[in-house]
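What follows is a single structure, and I will ask about it in a moment.
Which chain is which? They are A, B, C, D and E, in the order written, and residues in each are numbered from 1.
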């Protein structure tokens, strides 16, 4: 495993030079390597352990666990799809060679994180992933430079809190190895220490997966990163955060650790705190996503909300909730990746990501549209896509636990997700095609095939979820969360909740039946006359042929509703307090302190220097005597 | 007594550095501090009624307390040299400062913003 | 196989029963307004007339949207238990959340197809409809969670069975039932909450471009939706009952909703949201609190 | 008249029982519609209901006079209605221009431009007359005689010619419409 | 032989003063010879050289132990590297030679007053270097602060003399000093050395001097800084046996925060780096003040990494600043320099794969072992801020759209040296022991004052 990672890292540099010669070759090689890696993750036997080396007397090691397998697999699905996508997409980019290098580094870093057995290895690979992704982000448009900095800082805040926590653990138990830490924590009498440590470890996940206090980087980073890379950011890198959150509540068995700290219906207080943060992210992500005009930022906020779902699910430590949260990782990864790739396709053709400048692209890019449509069905959690299964599990868990407020927030986020995913659907793909895009074409197959493949996977897993549920069940058994309780019942085709179940196959069949019945009805009755919505584009002087109150309209984009889509609702919270502004104020505060220090101590004349020298002497004497 | 003088001189120097707007006056203040330190050093080596540390008729052989300590005097010589060097360096710099910033008054200097 | 027959019966009842009820509702409204009103079968005529016309299609997504809407509604209507375990077509799949989300397929299909027609009126209407969904679903789902929490199951036929021993939820948790009923009116898109269609302002909103059979199919879909929505309320709060009783309760709920809606004017969209997130949501949480504390009848 | 199939007969009888009306109100005639709709006369008992969009409407009720500006809209809207569709000319303005007959811009005969199935004479016609017209139209539909929409298709060239002669061209392009 | 390290550059400097045109070749020669001498001296560690036959404590002695050897090695290599850049050195060859002598003397000397003299020479030459590119006012500020600090240093030395009766460090270390006196002495030394060691709030000169021209940061931020921080360890650990370290600790923590915040505010690349080097000095000082063998060793390990990284950063930054008006996207034209810059800054932040990671992480671990929770918190906070501005600069230099269209020919030597040093940083990550082993010896030498005294005393016992 370690050789694999090192080979990836080294090859990423080699690939830079290959890509310098011909970036297309480089990207094809990347895609092939990625495909090979997917194959590879299935072949590594579970429980394999590899020692990397020693660091300050502590052994660093990799371990292949069920959780690592699951997360690696999901990550690789997303990354490989993007790699294939990039083969063509990269010709719109300025730095293809560097992109090829860094995306391979991201892969290596992420896999390393999922394979890590101890916190320091995790940290090292984590930073590799952060560093390389941080260097891809500024390849985008103007705003992306700032985005990279914000991303780096937020990530660093979380990471260093993680590091602090890791060292606190080390100073107490003398080990970094996660299984041992789990054992030690379970027997530790000091509650405050355990709470502090778990929350500090979770901080990295909070920052990375965009949970409430540290969520603001998602908007700017996902919104401005190179378009296809946003798919990796949202679909994969954010999941590193979910992984760490899972470590902090599940690998360190919070139910055992905080057995005396159960707050409400068996949920320990620190978990409850995390759940509260997750709930806050759901609210913020949903509300902010609803009002975005920039489609990438919209989905960025949706990633905040979905990160919240994952955290809420995992945080309950209920078998259903945990499994739902972990499954939501898969669903959101695929959905977000497809959505961002679809947007990348749109931007690739139209060069804008403002919803208010787009419209009617379904006439020109139907395949992209289909991919987007199924992705949002999954994201909104509507059967028969797999997104529903995870949401269902999370709801079941919340209802069973009687966590009504959290449940209400989750419902709010879920219904809100209809609103925000529909906004790009209506604004970008449906409606009237602006005249300037009349010569836009569908993207080439190498770009849409990856999207459709991901969508197909999500669809199949929605109808027959047991292959993806099985690894999660294994994972749950590893963590000892009610291992006797079986959720996925493949024999009876059932997904079981608490005394209530459902059969995804029946639901799918019903849906298909309904569709067929509807289609039969449809064909029975008179054939429709086609209204050509593109007539004004084709024929000079033809008005659009839809209901216009008898008015003649020749400019289709005037008759397209995509600005302030939910104006009535947005108006209700337009004067909301902005956390982002608050964080900027904090940054400004540090900046001002810097200015103050600079102005008082560093800039002035010799007199001031003398003054400070004298003051130092005097103060020290005063303190000493 | 001499200690006090040197302390007062240091005070004067520091006061000058703190209050003077003219860079050359600051340099002079610096020089005053230097001198004060030198006086202090000399004072440290002084022994009441001590003679110059040379074997002479008065003090033909080494006697405790008869000589003033010769080492501080040696040190002071070096320190003075260094002080002069610094003073010269500072003064030459000030010439250049005057050329570049058209003044050696802190408040009137041009182009030293930031 | 019986499951299939039961599902077909569901659909047949949904079709004939609900469309008649819609006609009756028109009649009731007319009587309240001191009119004679159309005959009770007027809606059948309307639907078949619409189906017989020569429609316009605004592109394939328009067709697909309508099909998806109807398909989703049919699928959902097929799952709904009609008052008892016996009349539950799929006892393993009648999970509340499954129904709610399967139901959303229809809404999404409709929204997509209608916006796909290219008319801004439709888009505005859909935006309102979705916002409205945000309004009524929240208190409804909270109440439903407390019901499910109380009986420790989310399977609807089990909830009906539990009510048979425990008494109707209408009595057990009256506050919850009231909130659910208020939400039901919003769900049905009846009068105070029909801003989404508002014919006078936005040319009947989402339906602005629907002609002929599209309109007809959508009316059928609407009928199935009503069956699902009212059926769920009857199952969960009025204790279901045998098939006959189920239909009687269905009529009662429907008539009550019609009576209320026919005397009320229309809410603006943010008024609607403020209304739902005010008292009903508060009551829903209160109900949840009562359930937690065990203060149920 | 062609023999209708059974399905067409059923469809026609259904159509006659469910007339959705798009009313084009330019003038004073609109005043007569509220009483027609509300409790006093209640047109809904005949299955007639107002509709907001031409796509769903069966009848186009043109209340009042038309001029060259509004006729374009009427034609445009009429063409957006789904077949079968019927036109009722309401009031003498649609028949001969009414009291504005000699204006330079008034349209005197509506049926030159779109086929009218029923005219209601009078200035103003009372709600009773309107209901009578509906009933008459229903009867015509039931018999399969209300075939204005077919005539429009068959004589499309002729109608277009008339339209262009009076209007120049049906679709206008000027600074207000871009 | 070790006296040659001081004498040779001085002689060469005099020669250069006589014949100006030879000055640059003389500089190169002297640095090369010095490096060779240092390498040859490896075998004679530890040893004490007694000047002019005056045995300690009466005469001046030069002490070459593990600590001073390492400092001399670094300093001379830095001077050698700087001497390679003919254009940058310009007319300042002579000054550099004097400075080299001063640095070597400052590090090697075993005599307090002698160290004062070298410190003053160091300041004076530093001022001259700082005045390059008409940076007179900043140089003057440095002069005032430097000589003021020199006076404090001198005062402290004299106080020591009154207490110990000798100026020899070994003696000062050997004899107990009265409680009252040692407070005064250590505080005056703290202030005196603090200026050179960039201790807050005595470090006002740094930005002006480092940010003023293209030569002074290269030397001052690396060699001189290293020498000063070495002296800090020597005085406070060896000579005064760990006295006043808590004051140093507090001041160092403030230095870290203040330096980073000022750097965050700063818009000028060179000054940003200058403030960053203040913060790094703070980290080193804080680590020194823990006075355990591991921490001190890590302090110098970190300092070494910082010196390498800063050397590369300043090497690249000075080139950019003085060749382009607008720095946006400038690395697109100089990819190698850019890579070196990025690697060095990442190392400074402490990303894995680079040397800074090793030192920072080890330091954190060590701090936690001694259950000091404040320093790690400050260190991590500082790292976040450091990361902010360094990433900001990297992004700006790599990715912003180019505004200054002028094309300066890529400097091959600069690129080679910077990339080699950058690769060295990666190498240090992979094999940290190449630095850690020597720094562990440094720490041992600094902390073990008994053997230091024994060394010096032994030299006085034996004959010449």
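Convention: contacts are C-beta pairs under 8 Å (C-beta built on N, C-alpha and C of every residue); 3 or more make two chains touch, one makes a residue touch a chain.
Since this is a predicted model, take the numbers as computed values, not measurements.
Chains that touch both subunit B and subunit D are the following: A. Listed by label, the chains touching subunit B and subunit E alike are A. Note on connectivity: the fewest chain-to-chain touch steps from subunit C to subunit E number 2. Overall, the chain located most centrally, as judged by its C-alpha mean against the mean of all protein C-alpha atoms, is A. Note on interfaces A-E and C-D: more C-beta pairs are in contact across A-E. Across the assembly, the mean Cα position most removed from that of subunit B is the one of D. Averaged Cα coordinates give subunit A a centre that lies 57 Å from the centre of subunit D.
A separation of 67 Å divides the Cα centre of subunit A from that of subunit B. With centres taken as mean Cα positions, subunit C sits 96 Å from subunit B.
Per-chain CA centroids place subunit A at a distance of 34 Å from subunit C.
With touch defined as above, residues shared between interfaces to two or more other chains in subunit D number as follows: 53, 55, 80. Residues of subunit B found to touch two or more other chains are 17, 23, 26, 114. Shown for subunit A are the residues in touch with two or more other chains, namely 546-547, 603, 605-606, 610. Of all possible chain pairings, those that touch are A-B, A-C, A-D, A-E, B-E, C-D. Against subunit A, the residues of subunit E that register as touching in their complex are 140-141, 144-145, 148-149, 152, 183, 187-188, 190-191, 194-195, 200-207, 247, 251, 258, 261-266, 275, 346, 351-353, 357, 361-362, 364-365, 367-369, 371, 373, 376-377, 380-381, 383-385, 387-388, 391-392, 395-396, 398-401.
Residues 360, 362-363, 369, 373, 377, 380-383, 388, 391-392, 395-396, 398-400, 402, 404-405, 407-408, 411-412, 415-416, 418-419, 422, 425-426, 430-432, 492, 494, 497-503, 506-507, 510-519, 521-522, 524-531, 533, 544, 546-547, 549, 556, 559-562, 565-566, 568-569, 571-572 of subunit A are the ones touching subunit C in the complex.
Remark: subunit B residues 17, 23, 26-27, 30, 33-34, 37, 40-41, 44, 71-72, 75, 78-79, 82-83, 85-86, 89-90, 93-94, 96-97, 100-101, 109, 112, 114 touch subunit E in the complex.
Of all the residues in subunit B, the ones that touch subunit A in their complex are 14, 17-20, 23, 26, 106, 114. By the touch criterion given at the top, residues 26, 30, 33-38, 42, 45-46, 48-50, 52-56, 121, 199-200, 203-204, 207-212, 215 of subunit C touch subunit D in their complex.
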